[in-house]
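Look for chain A in each of the two complexes below; its partner is chain B in the first and chain C in the second.
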Partner chain A sequence: MAEPVLQVKNLRTMLDLPGGPVPVVDDVSFDVGVGETLGIVGESGSGKSMTALSIMQVLPKPIGRIDSGHILLEGIDLVGISEQKIRQIRGREIGMILQDPHTSLNPVFNVGNQVTEALQIDNPGTPHKTLLARAVDTLKKVNVADAERRIHAYPHQLSGGMKQRVVGAIAIAGAPKIIIADEPTTALDVTIQLQYLQLLREIQDETGTAIIFITHDLGIVANLCHRLVVMYAGKIVESGTVADVFGAPSHPYTEALLKSVPSVDRKLDRLYAIDGQPPALVTNRAGCSFAPRCPYVLDICRIQEPLESRGPSGGASHCASCWNIERTT
Partner chain B sequence: MLRFVLTRLSQMLVSLLVITFIVFSLSHLTGSPIDSLLPDDATPQQIASLTEHLGLDRPYYVQYLTFLQNAAVGDFGDSTKWKGSTAAEVVLERLPATLQLGGLAVLISVVAAIPMGVMSAVRRGSIFDRMAGVVALLGQSLPAFWLGIVLMWIFAVILGWFPTSGYGGLTYMILPAVGMAWFQIAALTRLTRSAMLEVLDTEYVKLARIKGVNERQVIWKHAFRNAAIVPITYFGVLAGSLLTGSVVMETVFAWPGTGLLAIDAIRGRDFPVVQSVVLFFAVFYLLANFLVDVLYAIIDPRIRYG
Partner chain C sequence: MARKLKFLEHLPFLPIAVLMIVLIVPAFFADMIAPHDPYKAYLRNRMEPPLFFGGTTEFILGTDRLGRDILSRIMHGARYALIISLAGIVLGAIVGTLLGLIAGYMRGHIEALIMRVVDITFALPSILLALALASVSGPSFELVIFVVIFVIWGFFARQVRAETLILRELDFVARARVAGASDFRILYRYILPNIVNTIVVLATLQIGVVIVLEATLSFLGIGIPRPVPAWGLLVADGRQLIVSSWWISFFPGMAILLTVLSVNMLGDSMRDWLDPKLRRV
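So, the complex of A and B:
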C-alpha cells in the first residue's frame, strides 16, 4: 500500500474528570490508506467519538486533551501544532460528519450561510455570489434536490435526512483527503440510511477521499468498509480486513459482537447480548479490560494486559490483543 | 414577520387596557383626593361641589370610560400639586431626565455584562471567571440605596471626581447610572454566562470548529447569536427594573426625573400625576417587551416562521 493518508500512532487521550484524569482513548494505532474506508466499531462509550475528536482536536473544553501519541496526516504530525495550523487542516484536509443531524446545524443561520462558510475558509475574499453558486453545486453533489431554493431554508425546515446531506456538503466543501463520519446514519430512518451510505460511497468513488466510518452496525461495516478496528474501553482489541475479521474473529469481544448481530439464516429465538456492562472509566486497571465479561478468560488475563498477536485468519494485517486466541479454556 | 408584529401589537393593546383599569382603580383605593385638595375645615357644600366638579359622584364605569377617553389624548387632568400645569405636562417635563439616566444605565449594563458573561463562559474556571462571579455576587446582594450612598460618599465626597447630586451633564449622570446598572450587570453577566456555556457545548458549535471557523467567530457568530436570546429576553425585565431603580437612585442623587416625581406626587396625593407616571412606566415596559419580541424574531428563524 502507498503511504497512508492518516496514521494514528499510540494515541492516548485523557479527560480531566472531577475524580481525576481518565484515558478515554488508550494507546490506539491505525492507518487509513488513500481511498480506503476504515470502520471503527465498538459499543457505546468505547471511545470511538473521542478518537475522532482527537484527530480533529475539538475535544470537549477544557477537560479533554491529547496526552501522547502521534496523528500523522500525510506524514505531518498534527499533535502539538498550533491552533492556527490545525484550523487550516480542519475542513480542508479532514472533514467530519456528526451523529445527530438535528443538532449539528446552527438553528439561526440558513443552509446557504452554513455551506458558504465552509467554502469561504478555503477561498477567503471570494464574492458572496460566487460562493453561493458553489454552495448550490456542493449541495447538488450530495443529492439535495432543489438546491437553489434550499439554500434559503433554515435547519428547522428540513428533514433529518436532508440536514445530514447538508452536513455532508459541509464536510466535502473543502475537498478533504479524509472524511470522518461518526455514526452519520444512526439518527436516520432505515431507507434514508441506505441512501446516505450509497451517497458516501459515490463521493468516495468520485473524489478518492478516504473515510473513517464509526458505527455500532456491523452490517454497515461489512458492506461499506475495507478494513475495521474494534474498540473496547478505549483500546483497539482487534483489527484487520473485513473478510479476515468477520471470517475468523479472534478477540472474544469481536466474536460476541458478531454473534449479537441478528441475521435471517441464524435461527435464534432470542437476540444474543453480551453479559455484563462495559467497564467504568478508571485510571489504571490490571490485565485485559474485557476479562470480567469474557467466556474464555484465563488467569493471566486478569493480571497482565494481552499483547497484540497475529489473528488466526493468517491475513497480513489481522491482529488481536488476547491471551487466548487459540481458545483453550 | 408582519403577522408576527401585528399579533404582538394587538396583544400589547389588551395589556394596556388591563393596566389602565388597574391604574384607575388603584388610585381610587388609596382614599379620596378631596381630602388633600380642601382644607380640613371645609364645609359639606364645598366637598359636594368639588366632588361633582371632578366627576367623583358618577358611576365607577363611567368614570373609567371618561378616564380612558381622556387618557387616549394624553389628558390626565390638571396636576393638583403643581398648580397651573396639566399632569401630562408635569410628566413630560421630567421625562428626558429619566430617559437619559435610564439609557446610560442600560448602556453601561450591556457594555459591561455581555463581554464579561461571554468571556466567563469561554474561560470557564479561570481567574477571570471567578472574579466575574464575585462581582455578580456583590451586585446582587447590595441594596440599591446603600450602593448609591456609598458611591456618592467615595467618588463624590472623598475623591471629588463627580458632583454629589443634582441635574446636569454626563458627570452628574455617571454615579446614579452606575448605581442603577450595578445590579443589572450582575444579573446579566450570570445569565449570559450560563446561556453561553450551554451553547458552547452544542454540536453545532463543535461543527463550526470542525469546519475550520476561527475561534472568535465560533464564539461571537455561532455561539453568541444563539445565546443572545437569553439576555435579550431579560432586556424586557431590565427596562422595567431600571425605571423602578430610577425611583431609588433619583431620590438618592436628587435627579429630577419621573422617579422622583412619582414619589413627590404620591406624597402629595396628586392623582392625575401619579396616574400618568404609572401609565408612562407601563407603556414604556410594554414597548420594551415588544421590542424584545421583535428582536427575538429577528434572531431566531424558528420564531419568525413558526
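So, the complex of A and C:
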C-alpha cells in the first residue's frame, strides 16, 4: 500500500445522550493511502457517518465528542487541534460530499458564486473574473456540460445529478488530499449513480486524491473501492481488500450482507435477510454485538468481545473480529 | 448589474406611484407644495367640508375645527411618518435580526437569555414604558423611535431565530462547515441571505403597527408633541367630530391606509425578487 494520507487509530466517539454517553464509533482504526479508495460499509446506525463527522470534527454540538484515539493526516494529529486550525484543514486538505444534493447547495446564490467561494479560500484577493474562469474549469472537470452558462444557474434550476456534480466541484476546488463521500449517490438515479462513480474515479486518476466512500451499497464498493471496512454497531468487524473480503467473507455479518444482495445469476424467491435488529447502542453489552443475530454464535461470543484475527483469505490486510472464524474455511 | 436591471423592468408601478404621491414627495417637499401653512388656523373656515362635498378649491380636503387645512397637514405629517417608520423599523430590524441570529445559531444559555428578554418586551405594555420614559425625559421624537424599536425588535428576533433553527440543520450549512467556513461566514453568507425575504416582508408589515403606535403615543401626549401634524394625531383630532365632520379623520386615515398597503405590495414584489425560486427568468 502506498504512503497513508489518513490514519485513524483506535478512534472512539461518544454521544452524550440523556441516558448516558453512548459510543457511536468504538475503537475504529484504518488507513487510507494516496490515490486509494476505501469503502466504509454498514447498515444505518452502524457509525459510518459518525466516523466521517469525527474526522471532520463536525460532530453534533454539544453532545458529540471524540473520546480517545488519533486521526493522523499526513502524520499530524487532528484530535484536540484548535478550531481555527481544523478549519484550515476542512475544504483544503479534506473535502466532503454529502448525501443529498438537493439541500447541499445554498439556494440563494448561483452556482458560479458558490464555486468561486470555495476557490477563494485558497486564493484570497484573486479578482472575481479570474475566479469565475477557474470555476468554469472546475465545473468542466466534473463534467458539467455548458459550464459557462450553468454558472449563472441557481440550484433549483439544476437536476439532482447536476447538483451533486456542483457539490463535487466545490469539494475538489480546494484540491484536497482526501475526499470523504458520505453516500453521495443515494439520492440519485441508478444511471446517474454510475456516471457519478465514474466521475469520482476520473478525478482520482487525475489528482491522486484519496477517497473514503461511505455507503451501504455493496455493488458500489465492489466497483469503485480498493479496500473496505465493514462496520457494525460502531465497530469495524472486518477489513481487507475488496477481492479478499468479497471472495472470502470471514465475519458472519459480512457474509450475511453479501448474501442479501440480489444477484442476476442466482434465482431466488425471497431475498436473504438478517434476523433481528441492530443493537441499540445504549444497552451495555458484553461480548460480540452481532451475537444475537449470528447464525454461528458460540458461547464465548456472548461473554467476551472477539479479538481481531487474520482472515482466511490469506490477504495481508484481511482481518475480522470473530471467534468462529474457521467455520467458513 | 444584469440583476439590477431586471429588477427595474419588473418594478411594481402602482405601489411606487402611490407611495411617491402620498409619502415621499410630501415628506421632502411639503414646504413647497402644501397650499397652506399647516399650523395656521383660518378661524372663519372652521370645519370646512372637502371639495365635492360642499367645499371649495381653497381647502380641497376640508379643514379641522381650528380651520387648519387638512391637505397641508397631511403633507407635512408625511415627513414624520417616513422618518419614524424608517428609523424605527430599520433599527428594530437590525437589533432583532442580530439577536435572533445569535439565539438561533448559538443555542444554549445565550438563546434562552435572548428569548426571555423577547418575552419580557412582549409582556411589558409599551404604553407603560413610554409613560415612564416620558415622565423622566419629557415627550420627544427620539422617545417615539426608541419605543418603536422596543416594541418591534422582538417580532424580528423571534422570526429570525425560528428560521435560523431550521436553516442551521440543513445540508448546505453542514457542507459549508466541512468546507471550512467560520461561524461568522456561515451566518452572513448561508443563513442571513436565506432569511432576508422574511425580514423584508416582516418589516413592511410592521409599518402599519408603527404608524398606529406613533398615533397612540401622540394621542396620549407622550409621543410627538401636539401642534406637529403627525398622521396619528390628525386621526385622533377628528375622533369626536366623526359624525359631523368625518373628513378630519378620514383623509389622514386614508394616507395611513394607502401607505401601509403600498408598502406591503412593494414588500411582496421585493420578496419575489429576492427569492431566486420566484424570480422571473
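Just so we're on the same page, the second predicted complex is superposed on the first by the 324 of 329 C-alpha atoms of A that agree within 3 Å, B and C clash if a C-alpha of one lies under 4 Å from a C-alpha of the other, contacts with A are read in each partner's own complex, and residues count from 1 in each chain.
The rule we apply is simple: a contact is a pair of C-beta atoms (placed from the backbone, for glycine too) under 8 Å apart; a residue touches a chain by one contact, two chains touch by 3 or more.
Source: prediction; values computed, not measured.
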| item | value |
| --- | --- |
| Fit or clash - chain C, chain B, common chain A | clash |
| Chain B versus chain C as contact partner of A:277, first or second or both or neither | neither |
| Partner chain(s) touched by A:10 [first = chain B, second = chain C, both, neither] | neither |
| Touching partner for A:159 - first (chain B), second (chain C), both, neither | neither |
| Touching partner for A:130 - first (chain B), second (chain C), both, neither | neither |
| Contacts of A:68 with chain B and chain C, given as first, second, both or neither | neither |
| First, second, both or neither for A:223, with chain B first and chain C second | neither |
| Common interface positions of chain A, toward chain B and toward chain C | 56, 58, 62, 87-92, 95-96, 98-100, 103-110, 117-118, 121, 154, 156-157, 167, 170, 174 |
| Chain A-facing residues of chain B, complex | 124-125, 200-204, 206-215, 222, 225-226, 299-302, 305 |
| Contacting residues of chain C [partner chain A, same complex] | 108, 170-172, 174-182, 189-190, 193-194, 196, 274-277, 281 |
| List of chain A residues in touch with chain C within their complex | 56, 58, 62, 87-92, 94-96, 98-100, 103-110, 117-118, 121, 154, 156-157, 167, 170-171, 174 |
| Contact set on chain A toward chain B in their complex | 56, 58, 60-62, 83, 87-92, 95-96, 98-100, 103-110, 117-118, 121, 154, 156-157, 167, 170, 173-174 |
